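Each of the two complexes below includes subunit A, the first together with subunit B, the second together with subunit C.
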Partner chain A sequence: MSLLSIRDLSLSFRGIHGVTEVLHGIALDIAPGEKVALVGESGSGKSVTARIVLGLLQELAAARIDGEVRFGGEDMRGFSRQQFAANRGTEISMIFQDPTSSLNPTFIIERQFAEVIRRRNPGASREDCLRIAGEALAETAIPDVERVLASYPFQLSGGMNQRVMIAMALVNKPKLLIADEPGTALDVTVQAQTLQLMRQLTDEHQAAVFFISHNLGVVREFADRVYVIYRGRIVEDGPTEAIFADPRHAYTRALMAAVPRITGMGLPDIPERSDSFDAPQISHEGGS
Partner chain B sequence: MTLLALKNVTKTFRVNQREVHAVRDVSFDVREGECLAIVGESGSGKTTLANMILGLFGATSGEIHFRDSALPARRPTELRRQIQFVQQNPLSALNAKRSVGASVRLGLETYRIGERAARKAAVEAALEAVGLEPELARRPPGALSGGQRQRVGIARALAVEPSLVVLDEPTSALDVLVQARVLRLLNELRAAKKLTYVFITHDLAVVRNIADRCVVLKEGQIVEMGETTAIFDDPQHDYTRNLIRAVPVVDQTEVQLRDKLGRAND
Partner chain C sequence: MSQLVGILVRRIGISVVVLIGVSMLIFAIARIIPGDPARIALGPNATAEQIAKLRGEMHLDENIVIQYGFFIKDLVSGDLGTSLYTNRPVTLDIAQFLPATLELVFLAGVIMVGLGLPLGILAARFRNKWPDHLVRALALLTVSAPSFVWAVILMLLCAYYLPLFPIAGRLSDIYEIERVTGFLTIDTLIAGNVAAFLDVWHHLILPAVALALSGIGQAARLTRANMVETYEKPYIEMAQAYGFFPHRIARIYAFKPSLIPSLTIIGLDFAAMLGNAFLVEAVFAWPGLSRYGVNVILRKDLNAIMGTVLIIALTFLIVNIIVDLLIAVLNPRIRHSTRVQS
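For the complex of A and B:
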């Protein structure tokens, strides 16, 4: 059974210039413990999909959302604002692109950790929180846990903040972790370490991952299954290996060609738009 | 011919009574018309080097030569015009309150290039050269996409007809498709306008496809330097090997290259 199941999800925004259609009926499944990537360029609808799962867009008066989102078998359409809020940070947690700016600069790490831990466990004492946070940080192979807990985010490096974010996101044992371009704000070596750490820890915690990225290279390192999204429509999906061995949709091929190669294949000429990008969805065998 | 030469450049900052050696005894030449990449992790001194080349601050010791003469601490206007800058994040680099046309025009006004009427045409030409519609000149940067904004950043730098352009991570804030287009544009402009680039990045895959030569920096020191193809074929330093291996890859041939480097490392 799917942990997350999205059916015929559409989204539009009402603005002063009329209605903007953002998602045109997408379908997507994530099984428990599975790592699934949603790949596409800026503006393709990746991040809004994640925000709908978190219940953040539902609060926006200008957003019109249709279609079904089920989490753990429950239909989220009936969720109140409080139910969504109770889910965030406990059942579903999220890691953002830039760890340093997504942590609060005015509080030390210990206090931010306590806030997260108390979402699941409101009665946790300071000692409990310190112990739980220490254990979570130790899992990320941070050498000096006490110093990190007593630091402000700006006193730590980007890579260290990324580890803190990962530890915080997993501390309440969520069933689903949403990772929106994790580590792209960091340099390649730290990004590679981040992906490795995320893979290892989500395996240990048996958490499913909904991984959002524009870079197929990063996705290849991380995901079990891939959905490619273009202008609010899924154009291709399947197991990661199948998609990389045989990308069939013109848009997937363009995305793949755009990744610069360390073997030096030159800089490809990729069109902004092409009718072939709007071709119907292609699904590879072996998906869920 | 050598356009820019760094000779034993060192930069030391004082932070909380402590000395931080951001750049240590760095020497290299940039040849006219080439694209030289400076690569390294965060904190390796890449941006400090860029800032010294641009004259935003001076070196603690050592000299930077441009066209055979040492760059003075206070640079005359003409020298500042010759060396231009493209930043990583175009949204924070462009003034949100100015139209993009006004931002591009500012350079022309600062360096007193052309008359008022000629400047308007020059701004349009600069935007056109980077593939933007002249109508966009009236818009604020916030109304543009990430790729369009970075094109404005490039147009602004090139409008004043520099000979050297320092590009500090010009594509790392862009998604891969936009990055591919901007890199192609940069390559075409370099050939068309006979420009020289100093290209700063941590992404070795980008370097492989755009730079003629590269300088690998670690903790403020050069660990390796040479032709890009030679460095990728046979990296001499573990640090370089690890930088290459950290790049996410999509092709089987890339996996093979990475495995080869991995074995050499073990």
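For the complex of A and C:
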């Protein structure tokens, strides 16, 4: 059974210039412990999908959401605000693009960690939080845990903050970790290290990962399965091997042809639009 | 900690320079405005010798630089000279009138911060919903009129037509309170007179609210604006994605980063209340420094003018120092500026 199952999800925003359609009925599944990537160019609708899974976009009056989102078998349609919020930080957690700006600059790490831990254990004392946070940070191979906990984010390097974010994301043993272009704000070697760490720890915790990325090179190494999204539609999906060995959709092929050779920071421009990009979705067999 | 001491020392140094500058400026201006202070003080029937004698005592015939030298020499020994208006040492006059003004301004400041910030937080938390619209409308209303206008309006509404509050003064005549600190809220407590204590508050509330009103609006608008900006920050999205309670995000995680840029301006607003207090005091016949200040200026009472201006400048500077220290305490980037680790 899927941990996360999305069917026919569509999204539009009401604005001053009328309605903009952003998602046109996408379907996506993530099994427990599976690493699934969503790849597509800027503005294709990756982050909004993540925000819907978290129930954050549902709070926005201008957003109109249709379709089915099931998490752990439960249909999230008709969830109240409290029900959406209940999963956040407990069953579902998130890692962001820039770890340093994702941490509050005016509070020390300990304070922010404690707030996260208390999402799961509301009654945890300061000592409990310190101990739990210390253990979580130690897993990320941070050398000086006490110093890190007592620091403000700006006193730590980007790589350190990334480890802090990963530790926070996993401390409550979530079933699903959403990583929205994690670490793309960091330099390439640090990015590679943290992806390695994220893979290792999510394996140990048996957490599923919903991995959003621009970077096909990283996706190929990290994900079990891939969804390619183009302008709010899934154009191709399947096991990572299958897609990379045999990209069938014109858009996927264009994406791959454009992958920069060595480091692969970000998605390069795909110069032409082509009608063939709008061809129907292609699903590879196998995987889940 | 050492950063705080450093900031304090630097600020005090700057303040001393500012005070010297202010004293020179006012010293010169007070002497340039027309009228002979000795003649005004002695009245129309004074003889030429009497006037000449007083001018001599006041060093008025000396070069202005030498006059300033005499002033500084006395100031260093804590002597601001004698007021020609009250015939008492200026220091004594200030000690009598300043506490009334400070009591009013302090309370107004507390009201401004105590209402303005929470209203701003409320508006930002429910931005573009009805609590926000309400707060913004009220804030706009309060900042649209200066405090002396509010003083008149509040006095008419709440003291004249609806006699809920006394119209004038600090304390009803029936109470005899020994002045210890000059702050009647404290002196009545020292005297152990609860009825008088309540009476003091009864007199304080209306002028303090009038003085605070536009500050409340300012503080609310500023807090809202800075918080709305903060709400766009990734660390707030992070807090939401982790399910932190919305009221905790508002009160703690969005408020603190927003308070830092607001504080400087709130501090300036607070200091500006010292000036506005002059007019509010006039409306409520508040026996504070304003009435004294206006009278000594009209009489060209040189020593008293200097004393009044200096004490107001000093209060202004002290408020600024406190605000700077608060910002340093709240903003870890300032406190830890020399301890950044890689």
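Throughout what follows, the second predicted complex is superposed on the first by the 278 of 288 C-alpha atoms of A that agree within 3 Å, B and C clash if a C-alpha of one lies under 4 Å from a C-alpha of the other, contacts with A are read in each partner's own complex, and residues count from 1 in each chain.
Basically, a residue touches a chain if its C-beta (ideal position, glycine included) is under 8 Å from a C-beta of that chain, and two chains touch if they have at least 3 such contacts.
Bear in mind the structure is a predicted one, so any value in this text is a computation, not a measurement.
With both complexes placed on chain A, subunit A has more residues touched by B than by the other of subunit B and subunit C. Judged by the touch definition given at the top, the superposed model places A:D128 against neither subunit B nor subunit C. With both structures placed on the common chain, the touch criterion links A:F244 to subunit B but leaves subunit C unconnected.
When the two structures are aligned on the shared chain, A:N87 is found in touch with subunit C, with no touch to subunit B.
Of the two partner chains, subunit B is the only one touched by A:A258; subunit C is not.
Where the contact sets of subunit A with subunit B and with subunit C meet, they give residues 157. The residues of subunit A lying in touch with subunit B in their complex are 41-43, 157-158, 184, 186-192, 195, 214-218, 220-221, 244, 254-270, 272.
Interface residues of subunit C, counted against subunit A in their complex, comprise 233-235, 237-245, 248, 253, 256-257, 260, 330-333, 336, 339-342. Across the interface of their complex, subunit A is touched by residues 41-43, 145-146, 172, 175-181, 183-184, 187, 202-206, 208-210, 228-229, 232, 242-251, 253-254, 257-258 of subunit B. Taken in their complex, subunit A has these residues touching subunit C: 54, 56, 85-90, 93-94, 96-98, 101-108, 115-116, 119, 147, 151-152, 154-157, 168.
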